[in-house]
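Starting off with a structure, shown below.
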Amino acid sequence: MMDPVLEIKGLDVDYGVGDEAVRAVRDVHLTLRRGEVLGLAGESGSGKSTLAYGLTRLLAPPGVIRGGEVIYHPADGEPYDVLRLTDKQLRDFRWAETSIVFQGAMNSLNPVHKVVTQLVDVIKAHEPGTTRAGRVARARDLLKLVGISADRLEAYPHQLSGGMRQRVMIAMALALEPRIVIMDEPTTALDVVMQRQILGQLVELRERLGFSVLFITHDLSLLVEFSDRIAIMYGGRIVEQAPAADLYRDALHPYSHGLLNSFPALRGPRRELAGIPGSPPDTRGMPSGCAFHPRCPKAFEPCPDRVPLLGTPGDPAREVACWLHPVATS
Amino acid sequence: GGSSTAAQGNPDAVLNVGKPDGPQAENNNPFLETSALSNMGYRWMIYEPLVMLNRVKPQEPGKPWLATKWDWSDNYKKLVLTVRDGVKFSDGQAMTAEDVAYTFQLLRDNKALNVDAVPYKDITPAGNQVTLGFDTSQFVNQVKILQTLVVPKHVWQGIKDPALDLVKNPIGTGPYTLKSATPQTMIVTRRDGGYWQEAPKVKEIRYTSYTDNNAQVNALVNGASEWSFVFIPNYKAVYTSKDPQHYKLWFPAQLAIHGLWFNTEKAPWNDPKLRQAINKVINRDDIFNQGEAGYFYPKNDQVTGIPTPAGDPFIAPQYKGQSVQLDVPGAKSLLTGAGYQFTGDKLSDPSGKPVTIKLTVPSGWSDYVTDLEIIKDNLAQIGITATVEKMNQDAWMKSVDTGDFEGLMHWTNDGATPYDMYRDVMDGNRYKPTGQGGINGNYGRYKNDEATKALETYANAEDDAARTAAMATLQRIMIEQQPMIPTSAANSGGEYSTKNWVGWPDDANPYAPAQPTLRNALDIVLHLRPAV
Amino acid sequence: MRYLLQRLVFYVFTAWAAVTINFFIPRMIPGDPVQSLIAKNQGMISADAIQSLYVLFGLDKNESLISQYFDYWGQLFRGDLGISFTFFPTPVSDLLTDSLPWTIILVGITTVIGFAIGTGLGVVAGWKRGSWVDGLLPVTTFLSSIPYFWLGLIALTLLAGPGSFFPSSGGYDPGTVPGWDPAFIGSAIQHSLLPALTILISSMGSWILGMRNMMVTVASEDYVTVAHAKGLPERRVMVGYAARNALLPSVSGFALALGFIVGGTLLVEIVFSYPGVGYQLFQAVGSQDYPLMQGIFLIITLSVLAANLLADVAYLALDPRTRKEG
Amino acid sequence: MADSAVTTEQSPSDPVAVGSEGDLPVVLEAAGLTKHFPVRRRGRARRSIQAVDDVNLTLRRGRVTALVGESGSGKSTVARLLAGLHARTGGDIRLHGDTVNVKHGKAFRAYARRVQMIFQDPFASLNPVHTVRYHLTRALKIHGRAGDDLEQALHELLSRVQLTPPERYVDKFPHELSGGQRQRVAIARALGADPEALLADEPVSMLDVSIRLGVLNLLRELKERMHLAILYITHDIASARYFADETMVMYAGRMVEGGDSETITQRPAHPYTRLLIDSAPDPDHLLPPTQEGHFHVKVPDPAVDDGHFHVKVPRAEAGGEPPSLIDPPSGCRFHPRCPVAMERCETELPPRFDVGDAPGHWAACWLYDGAAR
Amino acid sequence: MAVPAADVKVAQALPLEAVARRRRFRFLTGGKTVTGVAVIAFFLVIAVIGDWIAPYDPSARSSDLLEGPSARHWFGTTHLGQDIFSQVVVGTRSVMLVGLAAGIVATILAVIVGVTSGYLGGTPGEGLSALSNVFLVIPALPLIIIIGSAVPTGGDILVAVIIGFTSWAWGARVLRAQTLSLRGREYVEAARATGESTWRIIFFEILPNLTAVIASSFVGTVIFAVMSEITLAFVGVSGLSNWNWGTILFWAQSQQALAQGAWWWFVPAGLAIAVLGTALSLLNFGIDEFVSPRLRGSGKARVKGADGRTHRMRVGFTPVLGREEKP
């Protein structure tokens, strides 16, 4: 098994405090290993983005981190908890170790600065020793890396197409050669042709640079194709986690199963799709026990009362939180 | 007396004059009332009149100034002026009869400049004399003619349109020349020499224009202004108490009045009895003390309406010393005698209609508003319901012009005799029916042939006896008919400080009205001595 | 370019319409300048002068309003603003050259300073919500709700007076003569302090508030989060990312404020006896001085339009998105 | 490499056989539909975005026609044109054979009653200040279907879109509903007019995967029960296969391919369609993403044994940028990105050619020129 | 670490609608807005009952000339012995009336011009937009002074109408911009596709969504109108014949109250204006927050952690509860 680069332990994230608080992420345990693409899927509102921003403390108010640890394993040196870093340390940690590609590229780029300014900005902040010429040269190389001609350096974001903007963001994410790249639905706004172009490039770059990717989407079919491992979230918790192919072939959690059953396939036999009955839970009034139980076709007696814990059901490569699959350890 | 530091405090011998007139434009045309020169008053430091007349004592003959002698003849149809010798304009050229004649010609030929509408006809200079000929008697205009200022012909000849010229460099015979003029401050300095009489002690006069009364009063209080003409409410608290030794004010009456006017064409205000009754209940003391702050427009309770003491010589013997007495019961009985009735404490006219009156006033004119509030209370005593309605000034002016009002406070013209004032009140020749605008006096639409006749007689009479008789008639009509109700006299005064300069006019030495914009201002400046 | 051309056409139209309205509206006032002049002098000018004044002002000729209107345009094209009645026969343009600099310098500088300080405080207040700067908001709201003439008068009473450093009125010391000498400039500055302070205090609140709210809004934009994620120094994020974008809406407000400099300060000028345009306009209205009114309106209109044009250009410079290109 | 097996399995619920399409009555028809949006930008020449050019489209009773294509290819514009929300630049829209030319007033209302549109975004297409009741009542009232018992009609409508029990939903505001529920309300509103044709503009793209399916199933059921003619716009080609009887492909404002859904998705003819299908994420394909993709092009070349040859193109490069619609490429609009472009593609606009592998399958591509003759 | 079931029950106990409604009116819960509403309500009550509760006739003269505050005259008297407290109380009505009436007039005009020009687009839309721009360019206060003097003795309502007629342009511009963005919204298109008529779309689809903007422009105009009325009265040009705070200040100023040391004449009315203005601004805050969910959502700036420590909510640095922010 590969070494972990990031371990999330018992992370709890809320929106707001007190009675009004929305518990968006609850007790999440997740490990990202070196060089892998870890897919994070789940319905809209299941807490995927919250998890991603929470672990780098980027949530906008009223988000607060209620507890948990995010242990980062640097290339050399002792592992440390990202949540305990001072502001200064956190600033240095950000982007140099973990970069993020956000959902909407149009909104991620500052509309009033040129592409080059925004690329150079980040290099300058983390490597103050470099010269401006050197930084611009780096920026040029980065753009080439993602297949954009260097003359677009002087362009403003609005002069680029959606796909180009997204690629600029990817280039920026790679600027400091971080060890982790978090991508929050980087392609949902793009059409499939563009999506494939960008993901193809990304996977290729990963091969070359060896970073790990936390890839967030609710498009399971995309994940199955692109990621090594997939974690499924529901109601703020990870409910299943397995290698991509295994999950696709044999999902253990009824929710994962339902998700996989909601995609019409482009090839192969046309089959009737069942989907998942019911509607996603209201975050303010999460069902008791297993949050999925009201929609679960296989729900039985313990489900409404007790929260199933994430654990290994036998196959050591997988984890699931479901009373149908009793776990060895908790 | 002044303190010993005064002279040190004012080593440059500067006199600071202030006026609350707002920023001025650089405009020194002496014939225009719109110029900074006229507004601020430095006109009289630069230009001088033919004769210096004292408005406080209109009967005094006047001091010879640029004219040494003036002789009226042919029942005031002819005037011979003798021009003073040795007078030099500030550019060094001598003033001659030519200049005087030229000035009169300017007035005659430019209707726009002839503010007093004097019908000049023949103007003939001869030697050091100028002879003016008129078609009609100029008895009532004599003051206006004699006060004419003199401009240099050699300068004004070159001016294309005298009414449109800003006269950037004013040249006159006066003791001062213009040093600088900015919108806020205008400075005149004493001529190096060549003034025809003893030069004034004041070396430099600074005229500052403040934007409003408050700023002006402030300046007076903190000594930035030493002479001004501004309304100060509660002057004792605000002004004189700040330096009782030096801060003075003096506001003598002149021959013009303020009072309550009615549209005498509108019932029931066409009834002289009603007007007389009202005259009996108006509390002039309150108006003087509260509306006019106890000094501003002097109280006027002479039965004839003629302000005293300025008008004393004109008051007919039978009215001398008689003043209006507050007499509510008298007013009531006068009214009931005339057919009016009281129901409860409300008055109704003989036809049974309740008597009410709407008093209008421009909303920003605080003294008139206060006066009317007082009058409103007074009228309530005889059962008349009055309402004070504040409107904007332009609309009010228009309502005055067309007679579209019931009652209001207004002023009259001012003159050397009460003629001007009476003429404004009751000249039938100026009558225009209610609704017709363009009126020029007689705002009350008062029509009385006897009065009109008396006014004509006064203006054109061949001898003084006829004039005196006409004046008595006018006074009688005023009392019997009460076409308007005088409440205050107009004034011509000012505030001044004796800290640096002494020699100001006052009750003891009323040689001139203490107002910095009148002709007499020059006379005052010539009287000033540094306080020792 | 095309965009600017379009704006230009718009401006020309607006200017025309505004000038036309400015021409007709003053003439709705009843009465005329002569009566106003007489009323102003309450008996000091005798009623006999009426006729001469009509002649003087050229009001004795009965011209139709329409032909006056066309004459007015003719005049304007010759660069002639006419002759003022109140200060007859001073040309309106002379009056404006006297008064405009005062207003522009006093109000212009205070507007700029007010905007700068207010915006700066707003940036900090919005960025550090909950800090002490944020706590200033209720105070500034209260201050900006005070009518500023009132504030000015109170300030005058409390701060100015005999012996005080603050002069109580005027634009400069009566003893000095306007010019570029230190004595005059010093006294002009000294005289402008109190009015400037009043304007600053009462105008800053709205800038702070507007900027703060924009900052709060912008701070939650994705690109600001990205900037944080990039580990940029806080100042850089606050200034280069958040404030830079939050500023954009304020720019048009600022431009508009610049445009209203000329017209909006009437009361300050009255209270402090400051020799500016605001008071002049007030006087012109009071005495029905149409040419002066029109002249000042024209200046106001033009300066508002110019400020708008400036805002357009500034927008073009500040916001690359408005630079439409193929 | 061999082709993946193609199993054309007719869905049991599909009532209409592919071959029988000509028999079903045409409800709405567009011929030569063209829409140019004028752009006011620099330059003297009046330019325009050629959003839709010469589009032919037929909607039949009881059938779903899918319209797929990349973002900005003009799909929504077609729907809006059909709904009468845009004035068309050229071409003809016929409702039951009669040319439609109304913009507002009564006539437009009458048209709207028969042709209704469902908008892309369920979060934006319902007015946040009005309740479900208001939205539906208006739809019923405008088209005079309120009748005596409004409440009854309302409930019926809600039940029809499976928002049951209706009482629970009528008085809710849009923000109190989930995305799927909102989309159902939007559908109910469209149904309130009792239309014959339903134009569904990406009705599910904003919805979550699991909800998405529910809405599609609902639409299909409605089609079957009420014999609606449905235009289903999407760029998710897999859902077109799942849901639509017939699929049309649009590229840069033009139709490039059409035919029954199964044929289009399994045996795409036009290079663009192929690109589209190849790009769609597909867990079953399980090709390592970096490996070169390939295009199957059927050419009349007897030398090639299995009737088609393979063009190998690295996937990432197959993309290229979408064309400008202000200045669209000459000839075939796809030619700058086409891996198999020929010389004539650059100059001549390809007309529709029958592909020949299934009835009604056509493509506007010069590759099939010979196949037709 | 599981969420205790009891927690969940509590959360569920709240009916959904109630929560939603509560959120709708959340803007009322902010201390600022409540203060604003309360103060305005207070002034409104005074405006209605002022004439009855005023201890004296505000114009009535008495012999207590220019006296400072006392038990008999809470705010002292004028130079005519009028009771200033009564003037302030009675004057409230005119201020509120003019403010509200002008606000209503201006808002109606702004809505009509702004919304129609935004919705119609094309030549009529551009025309209306140009009209509002012209009105924006013309300086309002002088215009009000001029028009005010064209009408001889306007009552409060007339002054309000004039202020309203000259101050709608800004609101119209804001509304136009909003409408332009609303016009493209899908629900408007959807309404059109449903077959709604134009006027119905304007009034029932677009207008309700502008409520907050309209309300805030209304409040803005009320502030402007109150200030204008007071300014007009203060410079003495208005045709207002009855008492308002501006006329009190006018009298104080023309009698040079401050120079006379009669601060009581000057201070109460000025403070009343400032308090009313502040209250209106506070109300505007509330509306602003109501309009912009972002201002609303970012409600509290500080949170209290379980450990009792407070953490400041900061963009970019999510607080970690139970942990010190800085070691």
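Note that the chains take the letters A, B, C, D and E in the order they are written out, and that residue 1 is the start of every chain.
Everything that follows uses one rule, which is that a residue touches a chain if its C-beta (ideal position, glycine included) is under 8 Å from a C-beta of that chain, and two chains touch if they have at least 3 such contacts.
Fair warning: this is a prediction, and the values are worked out from it, not measured in the lab.
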item: Separation of subunit B from subunit A in steps, with touching chains one step apart; value: 2
item: Identity of the chain that, by mean CA position, is farthest from subunit C; value: D
item: Comparison of A-C and C-E (more C-beta pairs in contact); value: C-E
item: For subunit B paired with subunit D, centre-to-centre distance based on mean C-alpha positions, whole Å; value: 92
item: Geometric centre distance via CA averages, subunit E-subunit D, whole Å; value: 50
item: Separation of mean Cα positions, subunit C and subunit B [Å, integer]; value: 39
item: Residue numbers of subunit E (touch at least two other chains); value: 16, 149, 152, 235, 237, 253, 259, 298, 301, 313-317
item: Multi-partner residues of subunit C (at least 2 other chains); value: 29-30, 156, 219-220, 225, 227-229, 270, 286, 325
item: In subunit D, residues with contacts to at least two other chains; value: none
item: List of subunit D residues in touch with subunit E within their complex; value: 80, 83-85, 104, 108-109, 112-113, 116-117, 119-121, 124-130, 138-139, 142-143, 172-173, 175-176, 186, 189-190, 192-193
item: Subunit B-facing residues of subunit E, complex; value: 59, 61, 65-66, 79-80, 148-149, 151-153, 235-241, 250-251, 253-256, 259-261
item: Residues of subunit C touching subunit A in the complex; value: 219-223, 225-234, 236, 240-241, 244-245, 248, 318-321, 325
item: Touch list for subunit A against partner subunit E, complex; value: 10, 12, 17, 19, 23, 26-27, 53-54, 57-67, 83-84, 86-87, 90, 282, 284-289, 305, 307
item: Touching residues (chain side subunit B, partner subunit C) in the complex; value: 16, 22-27, 29, 32-36, 111-117, 163-166, 180, 182-185, 187, 206, 208, 210-212, 215, 218-219, 221-224, 256, 258, 362, 393-398, 401, 411-414, 420, 424, 440-441, 490
